[in-house]
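What follows is a pair of complexes built around chain A, which joins chain B in one and chain C in the other.
Presenting the complex of A and B:
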């Protein structure tokens, strides 16, 4: 309740809503010219307009913000307002405080993501008049689940920082720093490391090392939850994606274009789902452990 | 030939006439009934118009009646002049009247020589008689003919053959021929008059006439290669004509490769063997030998057959063969094309299969297990640090 009424959450909510509908508008104009016929409903989420990115890329970029804003002053805020020791003095278990913080944020994130996703689908349905198939519906729901877990990871991370850091500003800066590194610089770092280990400076090296280079770069990129999430989301939302790893010429021989079923797409990205869930649980566990070991006293 | 005969007859008739006429003239006393050719060869059923003349040398114009004195049984005849039947004639002195004697020879007139006696009697008592002799000879009978333009034809099975046949009636009478063919079992033979599309079972051919016939022969679908003879006969009351149509069916070679349920797709897993049953069908009209099975799969895939060659596959027979397909390590999830080919020296057939490579669900279970393990780990953390 605190979260929903808080001004900064409303601001970020408005931002998300506006960008989502802008992306839907972009998708609708983009769809009209693309002439795509299969999986039109999914295309509402994945198509970008002439200058507006798609709903999927907006969420991948702005979703972490929601998580960070909900979590960054979870504990530091209580500390700075000197309410934490009062809460701790209440006859409740101490872990209820951190659990409550995390669960409240998680519930809000799930609510927001599913509401947004479904409303985008509903408005898109109104605009296009094409009902989704069961498969498309399943893909959208799985995608929204992935998104929620992804944002919950950021909530857990920022909550962790809020436990560790002394004040809210430091916690916010740390969380945003991680987010920027993951979203923007991970690709650069991965490229640099891959080129160091598997140099591709001349033709011979390119011939020998390209496979290792690409695989390593991909592996490092996948450390970033942003990359992990984007890969999983695009595989789920695009049935024609058949592989998430490096595709060799050997794999392509005899391959014909076709769509995967939802189950097969899910099997492709199961490591991503497991990885994201692991990251989310690990950050929460980290913040939990740190919080439980912290000393709380009034100043 | 006919002309010569006529000339000869005419010459004969003239000599007879010149030998006889003075006598009759004398006997008639100036009135004479005569014809140029008193001996005529006719056919049974013929209608003859014989030109007759009555000449008058009696010194004055006479009127004479015309009579048929005698006529063979069944024959009919009358005099006509100027388009109508006449019984009397008027002849000026020194002039001549032209008449026609219309004679109908009955259909059933037998072979032989017949005499028709005609007489004219004038009012003044002058009389003259003339004998017309008719010879009916045995009908000039000769065997008709049934000829085919290209009696030997060749084609693959499934071809329809068309023979252009001519039926000749060389006899003197119109004949109705019934047409038939002795085709092997399953063959269809039909007769059509040339230029028409109606199938006929019999055809009328006029005397000394001919009738073009189109004989259409359709072999059965599964006819074997080889040579076939189809005797075609046209039978009438007098004639029994026949000709042989020879058809050589050449071998057609056709193999079909499919599956027993015609489904050309199957699922497979990377690095795991999947079996697919192929059905090789010999649709040709000859047995096929040494059919080998090959495959064209994506690189890295392994395809083997439980029997990679068929020694003999009889015409129309189907043999099932199991192919073992193992997608390679590098196979992505999704659809691939694998082509199987059955080939022998004469022909070949191929079938393209859509192979859906699936990721094993084992890994999905692994993911669930990992997530459960994570939750268990968090629960352990709760237990260790919680409830303080």
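Presenting the complex of A and C:
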């Protein structure tokens, strides 16, 4: 309730609606010129056209913001408004405060993501006139589920910071800092570490280490929920992605070029889903524990 | 009436090195208005938080209406209303909505909430402002809504943290009479903490004085005054005519008088026993007309500052002893070399 009515949520919602429809427009113009025929419905979400990024990349970029905005002053706000002490003095368990904060945010995120995703699909359907297959629909729903969990991770993280930090500004800065590191610098860090452990300075080293180097870099990258999510989303939304790990020439021999079925794609990203859900629960558990051990006092 | 409502036994809270509350033993009877007095940082808020189970005591325990405050905080909070200092409300909700929200958190039925909210809004004089958003409220209005909020669950015990802070004199009078009414008419037990002596004196049955986490004195105001007297400290405030230089020397010659001071137009006479009778006789004998004679020590201000001075002196003594001991130790070491 409070979340929906709050001004800053409306601002970010408007931003997301506008960018989503812009990306849909981009996708439609892009599709018209490409003339591709397979999985057109999915292409509505993934295609970028006339210099407008796709819906998927917009959501990957703006999603964390939604999570952070919903969570960053969850507890600090109650403290600065001085309502926390009044609520804590009522006969309710203390964890229901933090559970309520998290569940309300989660519900809102799921609602928003699914509404956006389905409405984009509906408008796209009207524009193209091509009905989606059941599999495409399934893929979109799985993708939206991934997105929701991913955004909930950021909600949990910012809620955690809001428990730990003294004021809302500090907690917002910390959450945005983590997001920037995950989105921009994780790749650099992963590359540096991988090159340190498996150097590839000459041909011989390149021959011996390239496999280890690449696997390690990928592993480190996957610590970042941003990478995890992008990988999972592109696998789900693009049936031609056949593997998320290193593919050797042997494993390709005898393979028939074609699309993966939804079940097979899901099998590929199952670990990603588990990882994202675990990260989300870990951040919430962190904020829960910190809040329960924290002393509620007015100074 | 003699039923004990709030009891603490050896209640202690330490934050690392610092002891916020030290071995607090307190028992407050049903229907009593008890004032916790002390300067800022004396441990008053920590005590109230431990009573509500929001902070865990390091040692000892507290019970309210027979329920342990640490083990059964939900049960305690069901029968205790807490008004924090500088209470806050959800700014985007109206005063009435805020009250309804509290009612729902207490698991009251919609019907009860509506009835009680209207009654309480009228009682604190907020009916007119009840449909305005609370972010537009002034400090005093928030405080009044806070009292309605506390009373909504019909608590047996009301704990108020600095309830009079930042309220104008008119609002203060209303608040004080309301607090008195809560105790006398409704039979609720009230624990309030404050550093404003004057109001506490007006409404409290008993007071406890807190310094550096310890309760150094506890009792009714007249009891505390008597105890001061037993410790041999009397101060007479008097004025006489003609007010000439000889007055002071006559007064200081009276048997038992310690020293004479001047404060504005009055004379302060410090002594170790009650010398009122001697003073009157001596002054009359010397041809003075006594205009005013007042034994100080009966009001809380005096008691308070006396106890503070005492506590501070003890603290200083302890520290200087420590210092001396340390210096002696160093000297001993040096001479030993």
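Keep this in mind: the second predicted complex is superposed on the first by the 298 of 299 C-alpha atoms of A that agree within 3 Å, B and C clash if a C-alpha of one lies under 4 Å from a C-alpha of the other, contacts with A are read in each partner's own complex, and residues count from 1 in each chain.
As a convention for this text, a residue touches a chain if its C-beta (ideal position, glycine included) is under 8 Å from a C-beta of that chain, and two chains touch if they have at least 3 such contacts.
Computed from a predicted model, the values in this text were never measured in an experiment.
In the three-chain model built by superposing on chain A, chain B fits alongside chain C with no clash.
Within the superposed three-chain model, A:91 lies in touch with chain C and out of touch with chain B [touch as defined at top].
In the superposition on chain A, A:295 makes contact with chain C only, while chain B stays out of contact range. Of the two partner chains placed by superposition, only chain C is touched by A:83; chain B is not. After overlaying the two complexes on the shared chain, residue contacts for A:285 are found with chain B alone; chain C is out of touch.
Within the superposed three-chain model, A:123 lies out of touch with both chain B and chain C [touch as defined at top].
Between chain B and chain C, B touches the greater number of residues of chain A. Remark: in the superposition on chain A the angle formed at chain A by the CA centres of chain B and chain C amounts to 160 degrees, rounded in steps of 10. Of the two partner chains placed around the shared chain by superposition, neither chain B nor chain C is touched by A:61. Overlay on chain A (Cα): least separation between chain B and chain C is 7 Å. Note: residues 93 of chain A belong to the chain B contact set and to the chain C contact set alike, using the contact criterion stated above.
Residues of chain C that touch chain A in their complex: 45-46, 49, 52, 54-55, 74-75, 77-78, 80-82, 84-92, 102, 105-107, 146, 149, 153, 161. Residue ranges of chain A in contact with chain C, taken from their complex: 2, 5-6, 81-83, 85-93, 295-299. Those residues of chain B whose C-beta lies close enough to touch chain A in the complex are 297-301, 328, 330-338, 354, 356, 358-361, 363-364, 366-367, 370-371, 374-375, 377-378, 381-382, 385-388. Against chain B, in their complex, chain A makes its touches with residues 93-95, 242-243, 247-248, 250-251, 253-258, 260, 263-264, 266-268, 270-271, 273-274, 277-278, 281-282, 284-285, 288-289, 292-293.
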